[in-house]
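Alright, structures below, take your time with them.
The two complexes that follow have chain A in common; it is paired with chain B in the first and with chain C in the second.
Presenting the complex of A and B:
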């Protein structure tokens, strides 16, 4: 065997190098070889460094600060008023009761059950219609050329910058005139109009990321604009539509200002409106308020937990292909 | 099947600021395999999109079987297209992707299933039917795109650089498969590529494009043996044709200290066809012989070996002739750098181009 791969000056004997250079196929492991370190080394590697510890400490502090009020609310909602007044963080001798919930559900001046129903009646259409209209309005902004496109889009952005207090006055008068004041429909319409701005912006940006080739391929395949929208664009927008649904749902569900302005009759009150009424006259009923709050926020939280999986799936699929 | 005619077709973008295509004139025969070949940005893809109906021509007319189609939607033209990145619908399975054009056409489910199955078995992707495109390899995606294109039996088949995203081995495989496909189906096909090997190996005729216009339309053999302009000559062949600039002097072309070539050898049409002044002599690298001794009798071009590139199958010798480099493709050689060599070639293998780069004689 001639030493044709190494310079002759190299100290290693040519023959041993020759056999080392090419591994036989069975010498290649299936998994990475495990490193055999002793306990001390592994321990040293596992202990985080000082700056890293500091970062952990800050992160944990922020997380705790974030969760403590919610924890307090949750605990208070299950305990009698006496225990709450003594401080919800005292856990010894804790009584767990559902009384707050049952009382809040049918509170005489403003029953939570009724309020939650009203909120649902307003929120579901306000979310669904905004999703559909938003996608239909965002698609032309993302794909078509038409006169005043930039100007119209700028107008949408401008409306988004306006505070709700500003539009409330105009909407109040309009709803009064057309007879939709103090009705589900009126509030739904206000929420649709208010939400459309950001939904169009959000969906347009997402649609811009969908490759044009897909639509061209569909055009070649004979699909009409409407068919492209329904069979290609809408299914591909699922992750964005789910995000819109979750955010818009949370916004409409938790909205306090719009129901306050546009809902006058107590039987039409929405959940966020009812909460302050539960404070009672003589003494603040912390338990009732806490139970009401937990019930109110349970719905958007539940929705988020359920949809988060789809949302994640959709986003991953959108990124990998 | 369909015959395609393009008449003075021009396409401008940005209010005429960009000229993508300028006055294309082309006849594609029924069942022909045509390849648009050219460097990137030469307007070949735009030309394809004009035929597809994804773009409308700014000027000119396009006919399918004598019927004017420009202004009509792609679906009215019954064209199928395969995109460079395949453009598979990511939210549908392979089978759904292939079935999509039929679904849009409203083909009844029974017939649809049968046709989809046929197309998928034709391209050997039956096993992938229920997978989403994201789980497929590049070659498989390519096949799905082809299946989706052939499933509705189009009259024109358009392919936009379909092989450029595949690795070299797969590209070769798909190349012969595409050729087989076109041959078996007999669909008029336009194929866009910047890869001359693909173009030469598949096309009935190659359309060489540059700066938005057609430079030459010819079968691969003719394109190689009779490039109409210097530009085409340099574009076809690997390494490209050598073009030596010289000055015409009476009966020969002078290359300064490198020697001269007798004009009678290269212009059978006679001396009159060759203008005075600068001309270019073109010889393909594979037609050049490298010799170390001055050949007796014939005139040779003299030069110094610059580099030698042994590529196994053949060796490329780069020779400095005056101030230009000439590539010679030889089967084996004993020359080394700095050697003095003489380059000879057959009379038939030489081409003369005038100052404007047009082929003489």
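Presenting the complex of A and C:
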């Protein structure tokens, strides 16, 4: 089998080998054909060329450089303050201790243990309710015409462009009025109202991609619109709902401004709110800050790594659709 | 189907009220009302409240009387927002609006180019998923932690950035970067770029993945060089994404709050040297002396700058 058209660096494409498949039965040789490329050429094909090697080196350097700050944070969280001040990059004779974590966990102003619990209490309902109400509202946006639809659309876009600071004053007064200021419920409601805009738009775009024929068939079988929503629309939009869940969870968990404005009692502080308090007044307690930060970011980072595909797809779809 | 089509469709069939299907109408209401109620109360309502309130005088948190453009004029004359004297001498603080716009001017182009560069670098490498996730990690982290990490990097003793300066023989430059009024803003912008590059890279990566590889191959066969292939094939295909990347970058930067708060507290640094609009809103609204009118004006300025851009994205599709 002549292989001159291919450069030695490339493996033989499958197509040229397939011509051998149609030999008449009696022409099939007794033994398998010997591999024509020896070990040396195969090795040469597997090892990338010089420019490519250089490209790998640059790419890996850049990526490592990008996480060095987090590496430092992680190292600092396990080491005593003295060693951190001498530089966390000195690794010889390093002491590993969990003291920073235990101290952060029971930090006197606002213990991290409590703060993480508060964050979870706010985040879970804020995510679940947004998913349900968002999917419900997205359905008519994707399928029906109704008055004020365009106006509502523009309002959603406007809210998505608005900075969170713009709704802080109004919500502050509203929550004071209805007695939900400085409570889990108040912050949850603010997050739901804030998240609904993008969720509705995102799910609507997804629903537009689901063929209407399925629903029409169900209509003919006598299903009500609520049944269609529950048994067809919701199951079919699972991937989009997972994306919404991951992104909204990350957003609410990571949010700093809303808790800062609406949570005033130390026992209700959320984790991101506690971290800047740990910097102290004279000497920053880096170990404490690092341990608290690692605990706080562990949740969204873990979620990102596990549901990476949904997260990335969601982020891309949310901003480009 | 995009928003534009929707508008056209609506304009075309006009109002179709006469033969409304009652049960369909009920279903639409049932689906929409719970979500839209919360959306109205906690998002649209407060924005309208701020828009109206910016034309009134305030006593603490209570609205008083109509004063026309008083709050607006007062805010733009406030050296905390625009400080003309310092702008002319290029000394910080130059005012939160100026500083915020400086963020836009530096952060957006640099993070866009870096994002594109990295997407191109990683595009055909093995293990690109891991490389991308490493660069993207910062974007999933709470931004308040990003701010604290920046303080840690720039710390005169414990900071690796200052260590790097010492190693390359620039020991004289060692300082607490986030607390030095004349350079701190650049140090923080670098941090913003660090985070946003991952996001931009992700958007560019997905655009590059959508390019048909046979296009590039046939250009190679035709003898097009690397540069030609980029300008004639890749760039036209990723250009629409660039608009999204740039606009999302501007929106992100105009909202920047946590990073600045972590480094400089609610003052936005020593003598407000790197305050941004979000910080000014927070201080005016929630720290005595309370000035709701000013807070509303500043927050509206943030919106007015980005709203046309967001509408542009919506129309583009």
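Here is the rule we go by: the second predicted complex is superposed on the first by the 246 of 321 C-alpha atoms of A that agree within 3 Å, B and C clash if a C-alpha of one lies under 4 Å from a C-alpha of the other, contacts with A are read in each partner's own complex, and residues count from 1 in each chain.
The rule we apply is simple: a residue touches a chain if its C-beta (ideal position, glycine included) is under 8 Å from a C-beta of that chain, and two chains touch if they have at least 3 such contacts.
Being a predicted model, the structure only gives us computed values, none of them experimental.
In the superposition on chain A, A:211 makes contact with chain B only, not with chain C. Look at A:232: by the touch rule set out above, it reaches chain B but stays clear of chain C. Comparing chain B with chain C, more residues of chain A are touched by C. Contact with chain C, but none with chain B, is seen for A:136 once the two complexes are overlaid on the shared chain. In the superposition on chain A, A:57 contacts neither chain B nor chain C.
Using the contact criterion defined above for the overlaid structures, shared-chain residue A:220 touches chain B, although it does not reach chain C.
The interface of chain A with chain B overlaps its interface with chain C at residues 320-321.
By the touch rule above, chain B contacts chain A in their complex via residues 52-54, 73-75, 79-81, 83, 85, 87, 89-91, 100-101, 104-105, 132-134, 148, 152.
Remark: chain A residues 55-56, 58-60, 62-64, 66-70, 72-73, 76, 84-85, 87-89, 133-134, 136-137, 139-140, 144-147, 149-150, 152-153, 155-174, 176, 189-190, 192-194, 196-197, 200, 208, 224-226, 229, 250, 253-257, 260-261, 272, 275-276, 279, 284, 286, 289-290, 293, 296-297, 300-301, 303-305, 308, 311-312, 315-316, 319-321 touch chain C in the complex. Those residues of chain A that touch chain B in the complex are listed here as 211, 213-214, 216-223, 227, 231-232, 235-236, 238, 317-318, 320-321. Listing the residues of chain C that touch chain A in their complex gives 1, 3, 6-7, 9-10, 13, 15-17, 23-25, 27-28, 30-32, 34-36, 38-39, 41-50, 53, 61, 118, 121-122, 125, 129-131, 133-138, 140-145, 147-153, 155, 157-158, 160, 163, 194, 197-199, 202-203, 206, 241, 244, 248, 251, 254-255, 257-258, 261-262, 265, 277-278, 281-282, 285-286, 292, 295-296, 298-300, 302-303, 306-307, 309-311, 313-314, 317.
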